[in-house]
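Written out below as structure tokens is the structure these notes cover.
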Amino acid sequence: MNHKPMEEARIGVYVCHCGTNIAKTVDVAEVARWVGEQENVVVARDYKFMCSSLGQDLIESDIKERGLTRIVVAACSPHMHEKTFRGACQRAGLNPYMFEMANIREHDSWATDDRAAATQKAKALVEGAVRRVAHHTPLEPLPVEINPNTLVVGGGIAGITTALELANAGYHVYLVEREPSIGGHMAQLDKTFPTLDCSACILTPKMVEVGQHPNITLLSYSEVEKVEGYIGNFTITVRKKARYINEELCTGCGICEEKCPKRVVDHVFEAGLGYRKVVYRPFPQAVPKYPVIDRENCTYFLRGKCRACQIFCPTKAIDFEQEDEIITFQVGNIVLATGYDLFDARRIPQYGYGRLANVFTSMEFERMVNAAGPTGGKIVLRDGVTEPKSVAIIHCVGSRDKNYHEYCSKVCCMYSLKFAHLVHERLPDAEVYNFYIDIRAPGKGYEEFYHRLLHEGTHFIRGRVAEVTDAARQPGEEGKLIVQVEDTLIGKQRRIPVDMVILSAGLEARHDSREVSQLFKMGCDFDGFFVERHPKLDPVATMTEGIFIAGCAQGPKDIPDTVAQGAAAAARVAGLIHLGTVMMEPVRAYIHEELCSGCRICNTLCPYNAIVFHEDRQVSEVITALCQGCGTCVAACPSGVISGAHFTNEQIMSQIEGVLWDVRRNGNGKQPTVNIQQSTANVQQPTVNEP
Amino acid sequence: MTESFEPVIVGFLCNWCSYRAADLAGTARIHYAPNMRPIRVMCSGRVDPQFVLKALREGADGVMIAGCHPGECHYVNGNIKTLRRYHLLKRMLKQLGVEEERVQLVWASASEGKQLAEAVDRMTEQLRALGPLRWPERVLGEDGRGANGHEAFVSAIEPREEVAA
Amino acid sequence: MNALTRASRASPQTFMQEVVAATPGGDTHLELCLQCGTCGGSCPSGRDMEHTPRQLFAMIAAGMRDEVLKSNTPWYCVSCYYCMVRCPQEIHITDIMYTLKRMAIKEGYYQESTAADAPDFSETFIDFVENYGRSFELGLATRYHLKHHPLSAIKMAGFGLGMLARGRMDLRPTKIQNIDQLQAILTKAKELSNGSFEPGGAS
Amino acid sequence: MKYGYYPGCSLEKNARAYHESALVVAKRLGIEFEETPDWNCCGATEYFAINALAGYALVGRNLALAARQKLNGQGNQLVAPCSACFLNLSKTDHYMAESPELAEKVNSALAAGGLSYEPGSVRVRHLLDVIVDDIGYMTVAEQVRKPLYGLRVAPYYGCLVVRPDYQHIHDEPEYPLCMDGLLKVLGAEVVDYPVKTHCCGGHMTQISEETALEMIRRLLKSAADYRADVIVTLCPMCQLNLDAYQEQVNKHFGADYHIPVLYFTQLMGLAFGASPKEVGIGKEFVDARPALAKIQEEPPQNAKQKRSRPPKGALPMPSMLSHHKGGGQ
């Protein structure tokens, strides 16, 4: 099984310096010189920046002038520049799949300081690519039509923005929201920083627009259950949960809610600070306007009695018999805007939330200061009447802490400043303390807002709070909550007695984000946030074609950033719809029918059911449109008659031989005496100089 | 600088998770042993046991197969199939007298650059301790016909023309 | 093992590397200090320390060797581990305090600190352990107090009588049977740690 | 169930009451202890300050001896009732596993005495954890003969059993509830003691009396503020500091605290029907008898009443996270 390269292979190899990114660690000139001596290699060069237009010109002119039939570029990760160089090949008239990339930056020069070992590894990677490319065959990308409808998951400000952008551009959108109303977290807020505009005033018109838009199908109180297909052709199955309200008949008059005799603590919209009825709309401006019966708490469902809502409903819209509805539809693209969960402050017991009555979370405080909230906007202690004379606001609760979340939640500093302002505004005599590690105020008008709070007389104490306790030590502490902290600017431990403590809880990924990412077959990082295609250059696309992300589902961010990302995702989707078709990588499996034994092992292995068995001919066949190119069937075929385009056995076997050039017993390499010195000292600081 | 044995590891990295984990390790400038030479496959499920045997036969001292975590496969469950194959392969290699540590299956998501780098470091350490594989001597025996009385077995996985070469 | 730990173990160059190298048990994460003050805020004896642990870490990073080793801070550490479990960067603070104590003793710095007696308490304690295999409260209290606080020794005498009266203190130390074995182990351990403060240090 | 038993120096002497009551309780609960032969001191908080490797070797000898005990075929479990002993034993085992370098050096030292220790071969347990986790509240409840009705107790855990919790056995290092649950099973009224995991000062009484007395005062004040009759502890050092120094605290701060400090095993023994003498009552400096006299035959009236409803107009109170503990076998 010695894989002889095809006769006509004339290979050009280009070793990139990437400035000093590669050249500093890998002896690029030596690699180019050495590979020039290898079989089938006609041209071998090293060059400062291969991805530059001059670098690409080099490839193009060599193809034309030297009659190259295959190209290898040793540079960065193919995820960075494979497309770039394929383009160069194509412009020179070479099929773009006659190209292979060797990753000697991310996988080599950046991963070690040892020049000798890095150079040796670079040679191995380049030789692997050279041997592989010799077996490449011309391939054509597969065109796929794009269905112009789009699914948007999540009806917070991110999803609302995406849906409206697309709908206003004339495209149809299915907006799926889990809760009874759209609006998301933004609907819970009172004021928004730093301009202090009223959150509801700017959000509710957009919610209404969504509810009335002819291009938007709003599926609230619904969840996506199944996602099938691929870019251009997704089939979506949604469960529309029973509201027990006939939407045709309901006018949204609210009488049912008024008459319902039972109330429960509202842990969602009111963040646990207030109550709601069992038949309820989360808030008066809810979109859609229809209420929902909370089956778990409803007296009728629990004991078969009551029916107060049904008795009083003027339009007979209450329907206890209603069942969940399963809806299926087709879309071409998907935008996930599923938002965030607030960090559960009870996980840090030393801050006392759940034990000490007057410790509140930030979301509780948002509801408290909201004029439509449980206290009508009055700032009071848990007893509902006493106004606090002193308030402590603790930053970084659950954020910037390896025990919980290592990342900075980005919005807490600013909303904590906003809270301080609101306390000053409503309780002018109250003392306000902000306990912070660093004040992070990067944004338009943000730093200025911080200065405004300094002016308003907020006490800023730099130190992460150690604990909040009711254990008084000194006379002044009796009956108070004591915030114990190191004032790091003084270098002394301080104990500040206050009446009220607000915990500025961080943002975390939705508790079920992992399941959601699996449902949509896309990536989720360690913290549970969805992974973008590129952190800088492609922040709304994902690794999965046709699936985009927006808002806090991707990572903590404030409203302006969320809106920008929602609109960006819409623009990306609109671009694809406008294009009508996309080209897909032709990495697909193919069964050589004449050799197929009909054992059917591959049939059950395929996760996409893309392999059908023809009873008449007793052979299996891959449906190209369904195949995603994973290659599992290729590896499993006992007769070895399934080939995976661009990942054939010959290609991989040759690559194995190549990467082992120096240790092969049959190969041209001598037994190596590689001295790899584990570098220890002088660990480099990461530098930001990616091209 | 010490004159010590440096193992060569062939790494089969899945395009969606582990390959990107290795990219991330580089981007984050996490330094780790340069002994692993990665080969990209679309899914760890594409790793044919033949590839592993080929690599060991061609002089690698170990093979690392790296894929997405179970339940996070880009292709639904390709990695589960890898896992099953891996266990069968391990059993076979054990019979041939190849130490367990030489073929390892690792899960690394795209965000786990550090974990992947640590896995490479760990495996490199283990193989340094084990020493070179020396497939011909160990598996084929002096006469190239199988060292442990596995002639038939060996001939099945070891194509004849190669043995002769 | 992280880069700092690796570099420190190989050949400590900075004061921070020295401290890391002398602290056993995996990565100390000392280099990750955010200066947030969780340690200083949590410390039950923090009010009597000359420097909060946080300040000490900044001083270590700044290479202020003399000031760090003269500080009373490590000697006021009560090993309650509050700082260590609360530290958002998972720094092994308590272990680092032990390291600083060892370094201060070795270099004689502690005599200048306001907790100059503390090392002697530890040494008196382990002296009994090394000779008998068990601790001996009466002996410890008598020897330590007579040496350092002769006045309070009188007060302590009452305390000791109370302990004796309640059967909570013995007049003679208990000796383990195989004291030779223990002494051989400890001698060997000290020999192994020679030249460094800790296992796995510079060698 | 058979466990190795490492009493430690304190239980031999000043915490004799802990030792005696632990044995009484163990017997009633069917726990069998086999003392590790010829154990030595764990070094408390002192040895690591002088020589770290010798400190680990000192503890290593105990682990090596415990590993040799070979108890009823099960993986050896070693119970240490003293917090400092518990921490030092589990810390040494943990760090030896974390750092092969440390393990190698400790073993070279142990070899000088003909011993060796493989990290992980002994599972170090604290007595409280054994009673709550292995035995369980149900079994404890079955043994209660004289419930502690009417006795208000402040459960005091101190530091080293709950922190740093190398083995992740504790429900919550900041606000543990397992001993609270145990004391409730005994019929006592458990106060929500806010400083339950604060430090008693350890050896600070010997280094800086001023610092130490203040730390002890805080604990006594909080117990008094919560009107506790007894502070219940699981650590000899905590018991000694709070009990033996209480008089000094009173003198120093002009206070008047009289709060007896008992081991949880002493209260368990009493509830199981043992005599005060059997469980070492009388060895404490602050006499426990007046407090124990408050124990009633019947549960107090107020405990039977339902929790009073919050006043009208009050905002809902969030719940605490619950960690299930005390399931038993």
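Here the chain labels run A, B, C and D in written order, and each chain numbers its own residues starting at 1.
What we mean here is this: a contact is a pair of C-beta atoms (placed from the backbone, for glycine too) under 8 Å apart; a residue touches a chain by one contact, two chains touch by 3 or more.
Everything numeric here is computed off the predicted structure, so don't read it as measured data.
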Subunit A and subunit D share contacts with C
Taking each chain's mean CA coordinate, subunit A and subunit C are separated, in whole Å, by 47
For the pair subunit C and subunit D, the C-alpha centroid-to-centroid distance in angstrom is 23
When centres are defined as mean Cα positions, the distance from subunit A to subunit B in whole Å is 31
Contacts with two or more other chains occur in subunit B at residues 31
Residue numbers in subunit D touching two or more further chains are 174, 198
For subunit C, residue numbers touching 2 or more other chains are 3, 82, 85
Per the touch criterion, the pairs are A-B, A-C, A-D, C-D
Per the touch rule, the subunit C residues reaching subunit D in their complex are 22, 24-26, 44-45, 48, 75-76, 78-82, 84-85, 94, 98-99, 101-102, 105, 115, 117-119, 121-123, 125-126, 129, 133-135, 137, 144, 152, 159, 162-163, 166-170, 174, 176-178, 181-182, 184-190, 192-193, 197-200
In the complex, the residues of subunit A that touch subunit C are 350, 396, 400-403, 437, 462-467, 484-488, 491-493, 680-683
Listed in rising order, subunit A residues that touch subunit D in their complex are 265, 272-275, 344, 346-350, 353-355, 357, 361, 374-375, 380, 382-385, 469-473
Subunit B residues touching subunit A in their complex are 1-3, 6, 8, 10, 16-17, 19-20, 22-35, 37-43, 45-51, 54-55, 58-60, 71-72, 74-78, 81, 85, 109-112, 117, 135-136, 159, 161-162, 165
Residue positions on subunit C within touch of subunit A in the complex are 3-4, 6-7, 10-11, 13, 34-43, 46-47, 51-52, 54-55, 82, 85-86, 88-90
